[in-house]
Amino acid sequence: MTLMIFFGVIIIAVILALIRAVKGPTAPDRVVGVDIMVTITVALMVLLGIFFKRRIYLDVSLIYAVLSFVGVIAVARYLDKGL
Amino acid sequence: MVNPSLLIAVPLAFAFSIPLFGLVSKKIGKYIPVVALLINVGISFILIPQILKKPAVVSIGGWSPPFCINLVVGPLGVFLVTLISSIGLLVAIYAISYIKEEPTEKYHMLFLLLITGATGIVLTGDIFNLFVFFEILCISSYALVAYNKDKEGTEAAMKYLIQGSVGSSFVLIGIALLYGMFGTLNMADIASRVTSADPTFLFISLAFLITGFGIEAAVFPLNAWLPDAHSSAPSSISAILSGIAIKTGVYGVARMIYTIFNADGILTFIAFLGLLTLLIGEMSAFRQNDIKRLLAYSSIGQIGLIVFALGIATSLGVFAGLFQIVSHALAKALLFLAAGYMIYRVGSKSIDSLSGLGRKMPLTSFAFTIGSFSLIGLPPFAGFISKFSIVYAAIQVKKPIFLVFVVIALIATVIEAGYFFKVVQNLYFKEGKNVDNVTETSGYIIVPMIILVISIIVIGIHPQFITGLLKGAAGELLGRTGYIGWVLGGS
Amino acid sequence: MSGIYNWMYYIASGGLILIGLYIVLVKTNLIKIVIGLNFIDTGINILLICIGYVRGRTAPIFSRPGISPANVVDPVPQALVLTAIVIGVAVLALALSIVIKVYQHNKTLNVTKIKGLKW
Amino acid sequence: MIFQLILIFIMIILAVAASLFKDLINAVVACAAVSLITSILFYFLQAPDVAMAEAAIGAGLTTAVFIIAIRKTERYEK
Amino acid sequence: MRRIVSIIILIIIAVGFIFAFSKIPFGKDKINVANYYIKKGIKQTGAVNIVTSVVLNYRGFDTLGEVTVLFIAAVGLGAVLFVERKIQKNMDDKEDKTKRASLILRTGSRLLFPLILLFGAYIFVHGHLTPGGGFQGGAIIASGFLLMYLAFPKQRINKKTSGLAESLSGLIFVGIGLLGLVFSGYFLTNFLPKGIPNTLFSAGIIPIIYIAIGFKVGFELTGIIDDLLERSR
Amino acid sequence: MNQIIGYIVMGVGVAFLFLGALGVFRFPDVYNRLQAGTKCTTLGAFLSIIGAGIVEPTWFLKCLIIAVFILFTNPISAHALARASYKSGVKLWDKSVVDKCKDFEECAKAQEDDK
């Protein structure tokens, strides 16, 4: 039950980030929105692992925790013309 | 008995090891495809007599057929494998000295993998595995079309890639729908359950699959990529694409219609589509001034003829269609190889610039002439027998609509004769302008052409060499209960 | 209301496939067309996975005791999708390299301005 | 259930947005977000292997490959 | 005009989808052939993760094809973007002034790079126990190299070594398949002892093939990124 | 007992996640949004993952690894993004008071000093 409330809050947070990602006037704004979405998703996946009661599911969120910033850095290095 | 899975494993192993051989010497790389395909040709010639006695079903991984991927080596499979590896071998010999553009090592790897993909398509008995090999074939041909890195080549490759990957997505959608309905991926297993399903559903999945394979086979509304891709690729690759790649697309369509779905209802429609493809291909070829584009459009026409013959769906019709596959593969490979070398020597693709070459390059021009005569269907060559048997089969059906079709096909043949005679006349009976320092070639270039010429003439004079195999293959395509029995009952 | 629950994954996959096809057919920018091909692949992957899903069952990994074979989803579509994802990535990389080459020859990405790409 | 429905609508919105953006960087970023949501959906459908593959590809590699391609070509769709 | 035609095509396809999907109920049990894998998978292959055993044992041929497809993409990309060595040198000189990344990024990526490699290796070694496997692990390793490329634009991997590793691991895969053919008569058979399920050293050939695939995929994806970055500036 | 503590920690984390997302939604320019986004969501994700580890004690090690990775990677990406958006010429909000980066003669100059 508590988990359900958490999921609800997280979904609202994802929607807020989505609005920023779609609306944001400049490219960095959108990247910020998507980056936030990824971070929230890592937490969501861990909570879902608790919900499904499978420990092995944590590996997926571990991958996002490790790798999500590579994409953001790629965009950032493009924007400051270093790539 | 040789295990047929070697037919796929050996070329793969050789292709993976080309960089290792590259350590020893840079020059070894170009002989590797020849060696690998020589082994393949040997294996397939050993297999032919055994397979004609008893078809082989080889499981991979050691479990019984519906639960694992299996190779079904029937008469059709072994016939197509022999064709693919022989043509591949000849083109590989040709490519040894034809390909000079760097990086040659990568060209030979991609070429070998393309042949492997085609071999896998015709052998496998599992529908998803068919998709995987189809992708191997497609992706390596995208890369090879763009191999010259010039403007036309990259644009043609882009066009081919976009349409081809939409097509393979459609194939995957069809496979997904079939899996959702039947819960199995083995083609024989699906075929044995297909009657229990809803006909609308079957029609939709068949439509997806045929659209997907039809893009690779270049059947009429889906053939926009072919002229560009075939005309701007390196000539050896054009020969492979025209001779083999589109035939595998036709094989896919035929396998879906005959074996899996048993869809008799759409056969007349397929024949009609083939006829339309034939007409459009020949009419567009007539207007071309670029020799490779002319050959590419002529390929569209011939594919239409093959599809038309397969759409007749009597054993004689399917036999004629398969015969046409052989004669077209031989003749078109020969034409592309000869034309490629002429273009290389002259430096221009237009037909006018080739005039007068008949005296300067007698062997190549002779090969070109033989190839075009065979494609038109003049008597002593292989093309005559295949075209004659297609017409004969269509008349035998005794439906009035097929008579109309035959008349249209004959008109298309006349058009074809027109433009090929124009080219041949250009070669022999016109004064050349700037062909003075063009000389005849020798060595690796001329050997495959001579072999192709000899095989066209031999098959034309004595077709009994292959009719037994072709009859067996036609029997496999039409007899789907036999196919199901080999796979599911034989274990 | 239960109808939408039964259809939502089909809506997701079909929607992605249709959006991808729309991009491929209508848009004129080459990189955007490649994005469309990527969407088609993703849509098909979702379709395959949701065909293999069975409500109320868990993943086919018997990592802890207490998971009975009658209680797992279909493993075959997952294996197929793994293959399909790899193929999608391969096509994507090759497509982008050819796009770069086309740009070097034409200095534009617009399909309507490239002569060899009109269809 | 309702969460998955919302996620699916988010995904569709992002896909449509990716097709509408004129700036290709934005389209690529939206593409990465679609891959993220897809990964969550695979997770919901009990396919951790596939979710992992989608994560490993979609998180860094696809975006980077697209960005490099844009760097070599041009940024805005005209 | 083009838009109208394509929308008509899309509507036709959508109607086809609706008809087809209505025949496949969502979430119902329609497992047919896969029952065999679920029931007998652990006993026959020794892998706890049934997806792994399907990928590498029952449908191992697909995986061989998949690896080949990625190999083709890497080779084809190298062929398409190939530039002669001399021209490339000149271009490198021109691009000499590529801007450096900031200190934080450089330090951070130097710190994270070995961890990412370790994590990738963990993923593909444990492929038969937890979700993941060769492909995922390889992609993670490639992401690690991508991070280094982003932080240090001038450093490059050694193409020759990576190419050799690529073809060696491909040969290992095919070679194991051929060994199966020699030992038990079927291509790609599991000929090693299966061990106790749910331990690291189990499942016969699966871990070996996954390690080979992991290296192959990792080096191929790295090679793809390297070719894209370096060639054809 | 650890269930209750875990859920409380998790709840705090989720609240921080929500606030971070709200900040990203509401704030006026990129730099403010990055500020809200990175700080809040890093803490939020950290707390909720640790909370999950407390709820299921056998998972604690893996959860800790995930949380530590989040702590490492998020600031790096935010830093790179802020720098990139400054260099690519995204303007500050017109009511911002401090612009330290302008105090240096040029941002690129500062980078040279890094060597």
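A, B, C, D, E and F label the chains in the order they appear, each numbered from 1.
In the analysis below, a residue touches a chain if its C-beta (ideal position, glycine included) is under 8 Å from a C-beta of that chain, and two chains touch if they have at least 3 such contacts.
Just so we're on the same page, UniProt names per chain: A = Cation:proton antiporter.
Just so you know, these numbers come straight off a predicted model, no measurement behind them.
J.: Which other chains touch subunit B while also touching subunit C?
T.: The shared contacts of subunit B and subunit C, listed by label, come to E.
J.: If we define chain centres by averaging CA atoms, which chain lands farthest from subunit B? Would you check?
T.: Between subunit B and every other chain, the largest centroid distance is to F.
J.: Hey, how far is the Cα centre of subunit C from the one of subunit E, in Å?
T.: 17
J.: Let me have the rounded angstrom distance from the C-alpha centre of subunit A over to the C-alpha centre of subunit C, please.
T.: 20
J.: Approximately how many whole Å separate the CA-defined centres of subunit A and subunit F?
T.: Centres of subunit A and subunit F (C-alpha means) sit 12 Å apart.
J.: Scan subunit D for residues touching two or more other chains and write them down.
T.: In subunit D, residues 28, 46, 48-49, 51-53, 56-57, 59-61, 64-65, 68-70, 72 touch at least two other chains, as defined above.
J.: For subunit B, jot down the residues that touch at least 2 other chains.
T.: Residues 128, 132, 135, 139, 142-143, 146, 149, 154, 157, 180, 183, 185.
J.: Going by the contact rule already set, what residues in subunit E reach two or more other chains?
T.: 24, 30-31, 33-34, 37, 49, 51, 59, 62, 65-66, 69, 72-73, 76-77, 80, 99-101, 105, 112, 115, 123, 130-133, 135-136, 140, 143, 146-147, 150, 221, 224, 228-229, 232
J.: Identify every two-chain combination in which the chains touch.
T.: So the chains that touch one another pair up as A-C, A-D, A-E, A-F, B-C, B-E, C-D, C-E, D-E, E-F.
J.: Spell out the residues on subunit C that touch subunit E in their complex, using ranges where they run on.
T.: 6-7, 9-10, 14, 17-18, 21-22, 25-26, 50-55, 59-63, 69, 72, 74-76, 78-80, 82-83, 85-87, 89-91, 93-94, 96-98, 100-101, 104
J.: In their shared complex, at which residues does subunit D touch subunit A?
T.: So the residues of subunit D in touch with subunit A come to 3, 6-7, 10, 13-14, 17, 23, 25-26, 28-30, 32-33, 36, 39-40, 43-44, 46, 48, 51-52, 55-56, 59-60, 63-64, 67-68, 70-71.
J.: Give every residue of subunit D touching subunit E within the complex, in rising order.
T.: Where subunit D meets subunit E, its residues are 48-49, 51-53, 56-57, 59-61, 64-65, 68-69, 72.
J.: In their complex, what parts of subunit E are in touch with subunit A?
T.: Within the complex, subunit E contacts subunit A at residues 98-101, 105, 112, 115-116, 119, 123, 130-132, 136, 140, 143, 146-147, 150-151, 153, 229.
J.: Under the definition above, what is the set of subunit E residues touching subunit B in their complex?
T.: 16, 19-20, 23-24, 30-34, 36-37, 44, 57-62, 64-66, 68-69, 71-73, 75-80, 82, 84, 163-164, 166-168, 170-171, 174-175, 177-178, 180-181, 184-190
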